[in-house]
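Structures given as structure tokens follow.
Look for chain A in each of the two complexes below; its partner is chain B in the first and chain C in the second.
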Partner chain A sequence: MQTLKINGSEREFPAGQMPQTLSSLLDHLDINHATVVAEIDGQVVKRNDFAETKLNPGQSIELVRFVGGG
Partner chain B sequence: MEVRLLDKLKIADRVFESRLFIGTGKYASNEIMAGAIEASGTEMVTVALRRVDIENDNDDMLSAIDRDKYLLLPNTSGARDAEEAVRLARLARAATGTNWLKLEVTPDPYYLLPDGTETLKAAKVLIEEGFVVLPYINADPILAKKLQDAGAATVMPLASPIGSNQGLKTKSAIEIIIAQATVPVVIDAGLGSPSHAAEAMETGADAVLVNTAIATADDPVQMAIAFKKATEAGRGAYLAGLAGQSRIGHASSPLTGFLRNDD
Partner chain C sequence: MPYVFYEMKKAVIGIAGLGGLGSNVATALTRLGAGKLILADFDIIEESNLNRQQYFLDQIGRPKVEATIANLSRISGNTEFVPKQVRLDPQNIPQVFAEADVIAECFDLPDQKQMLIETALAEMDRVIVVSVSGLAGVGKSNSIVTRRINDRHVLIGDGESGVRPGVPLAASRVGVAAYHQANAIAEIIINGMKVPEFGGSDADA
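For the complex of A and B:
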């Protein structure tokens, strides 16, 4: 098993099935790339870099987007 | 006779015709929100960042906001200290591509009052990183001065606690902030009715930021129009110069020359 921590929750993937890039993770989770903002281990990843950003087991990933607020 | 039109507002390098900024929280639907934003005549709207719900993903609300017409002002709501606020700010910048930011640090979940020490600390870091920082603060004249000296684009003192609709409870402190301001003063939080907004503008505020009072009205679009008019009326009154108050009455009609013998 390989794990990624996504928005605070551990997520397990059978060996060899963990998404290799941030883009493929978003596809796996069915999340719209165009409106999401990502942070890996505290570092912001630019949207243009999603496809090239490799993921490693154990990383902590935050996926956020805009909601209504004052 | 020439009538002086309402003046424009400049924040950082940007000019605004409207002195009413709108928050996008608490609307019953994106359609109502979009209608209220349009009706308000605003040119800047605030938004917040939150974790995507992985299990139940709702697409974001940004599609309802015309980015060509409205400048997005992401906030750092939810941040409890400077470190969290800076982190949210960087995420917001990555998301919007703009460096405008409403900085708010509110560790107290009950009154939602801002932490001035942490706000100043975060503001210094973010200004250094090139952000246009609009800090939400208590009506604290000393803090306001420190923030403007540090390079904040505005100061945004609260009228009363966020979402409380209590109106301009901090008026005397806000008068001091306005008197010493070298940057625009935006009254943020607590304005519950158009008359509150008008009062803030009459007092000399440069703009007001309104969310709850519009979003939770029975008819948000109608309320947005009312706030627009009130904000303009208040600014107009400020520019015109309010007449003085006095303790006793002063007749508006002449008191002499009446049909009586003792004049």
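For the complex of A and C:
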């Protein structure tokens, strides 16, 4: 098993099935890339870098999703 | 002369968008005695804005930045207003808000919210962002909460109520969110530019 901590909760993936990049994690969670602010271990990752940002087991990922209205 | 928080007088706050959130946040911060507000918006006032935004019938067609300053100048002479008639983008955000201690994210569209927050957090050194997600409809006042994401990001709202058919933006609930936003900004400033835990009692502050 490999784990990622997503918004404070541990999430387990069978070996070899953990998403490799931030972009594939967002797709796995069905999250729209255009409306989420993503942080890995406290560092914000810009949307243009989602696809090339590799994930490592044990990382803490914060995904803040936005809906419209203001 | 009303009581003024000394820390507020020294504070510079950027307001990104002067719609339902921004026009109300700017009003509250002016009444709180903020030292300087950087007011950024590209838009003009339309009649449809008046159901929730702090403008008047005789201001329809005027730029929101200009009308906001006209209105706030009638509230207080103690706040400096910096007009920024501009469409904010990743290139200009760091310059427009270079002086700001805190930025209020007051946009309407979710991809614009995302753009502002990632730019401010990734491209600016110290600024704190207070953002909003989930405020459409009426009622459910107590589902709107203020939450610390990290030491530079605060999120307000219920996290899920987007605008959709039958669930419009309304003055009362947008106002709840806007005043959460202004209240969080005041708390951060009075707390010495540190983001607190936003607990429910004084003991948590």
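Operating definition for what follows: the second predicted complex is superposed on the first by the 66 of 70 C-alpha atoms of A that agree within 3 Å, B and C clash if a C-alpha of one lies under 4 Å from a C-alpha of the other, contacts with A are read in each partner's own complex, and residues count from 1 in each chain.
Assume a contact is a pair of C-beta atoms (placed from the backbone, for glycine too) under 8 Å apart; a residue touches a chain by one contact, two chains touch by 3 or more.
Keep in mind that what you see is a predicted model, and the values were worked out from it rather than measured.
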**Message:** Let me test your reading of the model: by the given contact rule, A:V44 touches which partner, first (chain B), second (chain C), both or neither?
**Reply:** both
**Request:** Once the structures are superposed on A, label A:G70 by its partner contacts, choosing first (chain B), second (chain C), both or neither.
**Result:** both
**Prompt:** A:I31 contacts which: chain B (first), chain C (second), both, neither?
**Reply:** first
**Message:** Between chain B and chain C, which one contacts more residues of chain A in the superposed model?
**Reply:** B
**Request:** Scan A:E62 for contacts with chain B and chain C and give back first, second, both or neither.
**Result:** both
**Request:** Could you tell me which stretches of chain A are touched by chain B in one complex and by chain C in the other?
**Result:** 35-37, 39, 42, 44, 46-47, 62, 64-70
**Item:** Residue ranges of chain B touching chain A (in the complex, touch as defined)
**Value:** 23-27, 33, 46-52, 54, 57, 59-63, 72, 74-75, 77, 87, 90-95, 162-163, 189, 209, 211-212, 215
**Prompt:** In their complex, what parts of chain C are in touch with chain A?
**Reply:** 17, 19-22, 106-111, 113-115, 117-118, 121-122, 131-136, 149-150, 153, 155, 157, 159-163, 169, 174
**Request:** Could you please specify the touching residues of chain A with respect to chain C in the complex?
**Result:** 34-37, 39, 42, 44, 46-47, 62, 64-70
**Complete:** Counting only contacts in the complex, chain A reaches chain B at residues 6-9, 29-32, 35-37, 39, 42, 44-47, 62-70
